[in-house]
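What follows is subunit A paired twice: with subunit B in the first complex and subunit C in the second.
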Partner chain A sequence: MIPHSPILAIVLPLLGGFLSPVIGILERKHGWRRATGIFALIVMGVVCVVVGSMVTDVWAGQFIIYELGGWSPPWGINLAVDALGAQMALMIAGLGILVVLYSLSYMRDETGLGQFYALLLIVIAGMMGTVLTGDMFNFYVFLEIMSVGSYALVAFRRTPEGIEGGIKYLFIGSIGTTSILISIAMLYGLVGSLNIADIGAKLTLYSGNVPPALTLAFALFVTGVMVKVAMVPFHTWLPDALTGAPTVVSALLAGPAAVVGIYWVARLPYLPFGMPVGVILVSLGLLSMVVGVLMALVQRDFKRMLAYHVISQKGYMVLGIGLGTFGSVLGAQGGLFHLLNHSTYKCLLFMCAGAVLLQANSQKFDELGGLGKKMPVTAAMFLVGSLAISGIPPMNGFVSKYCIYLSGLELGQGWITAIAVVVSALTLASFLKAFSSVFLGQLPGRLEGVREAPRPMLISMAIMAAVCVAIGLLPAIGFNIVGPAQAAAENSVGYITHVFGENYLAAGGMMP
Partner chain B sequence: MELNYAVAMMLVALGLYCVIAKRNLIKMIMGLSVLTDGIHLFLISLGYRAGGTAPIVAGEMISDLQGFASRAVDPIPQALVLTSIVINVCILALALSLAVHIYRNYGTLKPSEIRRLRE
Partner chain C sequence: MEFIWDPLMVTAAMLLCSAVGYVILLLSRMGTKPRPNPEKNRTYACGEVLKPEELHPDSAGFFSPVKKVIKPFYRRVGGAHTGDLNRYLLWIAAGLLVLFVTVFLMEVVLGWAL
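And then the complex of A and B:
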């Protein structure tokens, strides 16, 4: 491991974010083309190396604890990286670098690139922090860094649609983070600690006799996380924000930002609360799957349709993790695996939509058509992504969905499997409709001069598509990542022991 | 002490009501501000101790840390509230600037009339 790598993974994009506007000014003064974008790409490259070195150590069985400023927990803030956090950090770094690569061409004609990359890197720093930290309040701060950055990014181009999406996202997202803050305040009042492992250890004392205030804190926390994940009663911000935002930002919110939410969905049945939440997760997951896909079927806007599919697919993940809390290991693995797959193919699909929007200047199905001849590579990539999201073998979506189907049967709940299969079929129908109305059929005369997307966009799309096919053909790659992650999420005793040593839990959260 | 918690929760409820029920973006933003201020009051009250001393160790207190700990107020909520206030200022500034842009583009601040995305 590179020394200090947990904190470097957070601080590097943060510093890079604050340097980007300076480089943006230099870019304008000296006429260096794409200097800011290339700078952001280099920063993300270094972050990838740092995270990679950290993740290999975690997979080798290490549990990394980094004490900020040398203050030992529970007094100081610590970063704690187990296999679950490692999976998430790896995905954020990998998807982040591809999003930056894609925006090199997508944002080429925009002004204010310095500010754009500054926000992008700060959002990535916030995401990294939320999945690596071992402290509740620190988690809240990083969550807000990520959220405020993404509100601004959604409204970045100051189009009416972008601002509308941005302010909706701001209001609903703020209610969500506020309820997380109340929950943390109540936890601090009850337990007197902010360290996740410490809270987990001290809450075991309440076993069987939970005070009502703790239940309220838990409910508020779940609500906040569900707003961030955009499960169905709290989902309304997501389609608006993703439709109005620049497509790069839509890809960022659909891919890496989903990681943060699902990380907490996977964590919260075990730490810091350790209260049963399976029924809520399963029912919200099922509801989101069905409502998301039904809403997607009637959309006539390319990006809005993809946004509703984000809700539907996140439903699968939450369902899988919910089934996992009833003892189905396959379900929890399937949920985390689906997160891995969804982030790749949904980023890919948004990137295809962005390529079409950039070249044909429209995202309405009614105005598009016949682009398959003009943009063959984009069409092929979109086909790969569509098959993956619909769960058609040999794409990666099939493997993770199959795990969730099996998990439903394993628990003797065949109806859950049936719903999941039907939603998959509806997803396929929706994507066939999208594919035929964008890439097949009559080419409108207006689109005669359309050309293929520029190369950096195609490269990042090709990498995503390659990952989709590779994981589909060799699912062992994915299981090697999500297997340890699932085991680490469930192992709350191990987490506490790693942070505080053997005797801490037995002593009921008192220093021996 | 109970009064503090009651007022804090009342502020939270009022703020939430403003955000949900008011039909003007500026009023909704004010509601958001009241909501977070309620939480700040709640947090500060958690660490308060009537007649306590400031949590700064100096001079002869070092010899009597146990007694110091039983007299001092809890410093952590104060640090949390400072952080949270800064975050809240960011959100308010962003929300207000977005509201300015909404007014320029749509000519209204009514959320029900800002619905270009729904069409």
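And then the complex of A and C:
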């Protein structure tokens, strides 16, 4: 592992973000084309190398504890990287670099790129922090860093739709983060610690006698996480934000940002609360799957349709993780696997929508059509993404959905599997409409001059599509990542032991 | 329950089936040669001449039967997505209340503990 990797994975994009406006000024002054974008790409490349070195060690069986300032937990802040955090960090870095690569062409005609890349890198730093930290308040700070940057990015173009989406995201997102902050404050009042492992150890002392304040803290935390994950009925910010944002930001929010919320959904049943949350996760997951897909089916706007599918697909993940809390390993792995798959194909689908929007200057289904002849590569990529999200074999989406179907049957809840299969069929129906409306049929006269998307955009899309096919054909790649992640999420005793040592739990959460 | 899935085998079978289908298509084309002419290529719409834009299906009508079958859903849930921020904030407050009551009941009534 590269020395200090955990902190470098956070600090590098943060520093890159602060330097971006300076590079932007130099770009304007000296006429260096795309200098800020290339700088952001280099930063993300270095972050990928750093995260890669860290992840290799974690997969080799290490649990990385990094003490900030040399202060031991619970008094000091620590970064704790287990297999679950490693999966998330890898996804954020990998998807982040592709989003930046895509943005080189997509944002080429925009002004204020120094500010844009500053916000983008700061959001990525926030994401990294939320999945790597071992401290609750630190988690809140990183979550706010990510959220505030995201609000600004949604409204970056200052279009009426973007500003409205950004304001809605700001208000609703702030309610979510405030819920989390109040929950953390209540937890601190109850156990006197902010360290995740320490809180987890100390809460076991309440066994069988849970105070109402803890119940309220738990409900507030779940609410905050569900707002970020956009589960129904906490989902209302997402369609407006993803529709109004520049498409590269939509891809960022649909892909890497989804990782943060689901990371906490996967942690929630085990640490720091360890409360039985399975029924809530299964209920919210099913509700979101059904409402999301039915709303997507009737949309007339390309990006809005994709946004509702984000809600529906996250429902699958939450459902799978929820089924995992009832003892189905396949369900928990399916949920985490679906996160891996969804992040790739949803990024790909938003990138295709962005390519269409950039070239045809419209995202309304009724104003598009016949673009398959003009943009054949984009159409092929969109087809791969559509088949993947609909769970059609041999794409990656099928494998994770199949795990979740089997999990429902394994637990004797065939009705859950039936709902999941019907939602997949409706997803396919929705994407048939999208593909037909955008790429098939007659080409409107005003789109005669449309050309294929620029090469950097196609490269990003091709890599995403290749990942969709590769994981579909070789699902062992995905299982090798999500298997250890699922085991790490459920091993709360192992997490506490790695942070504090063998005797900590036996001593009742007191340092021996 | 075991995870049973052999993607390489299934993909090979799908590609093989596609190839067989394509061969059947080629053979059928060899049997009956297409004889296109400008009249055949014109879209017939009761004698009217249509522009390409007018041939595009309306996206709202694409799944209109689905909308009719689950009309109550679209009237209540779809109609509730008004874009009104005050209403959306109320949904979150209601969601928090439901979550709190659910967790509380699970602990007090069902006795689920940490």
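Brief remarks follow.
One rule holds for everything that comes next: the second predicted complex is superposed on the first by the 512 of 512 C-alpha atoms of A that agree within 3 Å, B and C clash if a C-alpha of one lies under 4 Å from a C-alpha of the other, contacts with A are read in each partner's own complex, and residues count from 1 in each chain.
The rule is short, and it goes like this: a contact is a pair of C-beta atoms (placed from the backbone, for glycine too) under 8 Å apart; a residue touches a chain by one contact, two chains touch by 3 or more.
The structure presented is a predicted model; accordingly, all values stated were derived computationally and were not measured.
Once the two complexes are overlaid through subunit A, subunit B and subunit C fit side by side, free of any clash as defined at the top of the document. In the superposition on chain A, A:D240 contacts both subunit B and subunit C.
In the superposed model, subunit B and subunit C sit 120 degrees apart as seen from the Cα centre of subunit A, a figure rounded to the nearest 10.
By the touch criterion stated above, A:L406 is placed in contact with subunit C alone, subunit B being left untouched. Touch criterion met: A:S436 reaches subunit C, while subunit B stays clear of it.
In the overlay built on the shared chain, the residue A:G166 is in contact with subunit B alone; subunit C does not reach it. Touch criterion met: A:I175 reaches subunit B and subunit C at once. After superposition on the shared chain, subunit A has more residues touched by C, the comparison being subunit B against subunit C.
When the shared chain is aligned, subunit C comes close enough to touch A:T204, but subunit B does not.
Superposition on the common chain places the nearest Cα atoms of subunit B and subunit C 5 Å from each other.
In the three-chain superposition model, subunit A touches both subunit B and subunit C at residues 164, 167, 171, 175, 239-240.
For subunit A in complex with subunit C, the touching residues are 164, 167-168, 171-172, 175-176, 179, 203-204, 206-210, 212, 215-216, 218-220, 222-223, 226-227, 233-234, 236-237, 239-240, 273-276, 279-280, 291, 294-295, 297-298, 300, 330, 365-366, 369-370, 393-394, 399, 402-403, 406-407, 409-410, 429, 433, 436-437, 441-445, 472-475. By the touch criterion given at the top, residues 1, 3, 5, 7-8, 10-11, 14, 51-53, 55-60, 62-63, 66-67, 70, 73-74, 77-78, 81, 83, 85, 88-89, 91-92, 94-96, 99-100, 102-104, 106-107, 112-114 of subunit C touch subunit A in their complex.
Note for the complex: subunit B touches subunit A at residues 12, 16, 19, 25, 28, 32, 35-36, 39, 42-43, 46, 76-77, 80, 83-84, 87, 90-91, 94-95, 98-99, 101-102, 105-106, 114-117. Looking at the complex, you find that subunit A touches subunit B at residues 137, 141, 144, 148, 151-152, 155, 158, 160-161, 163-167, 170-171, 174-175, 178, 181-182, 185, 188-189, 194, 239-240, 243-244, 304.
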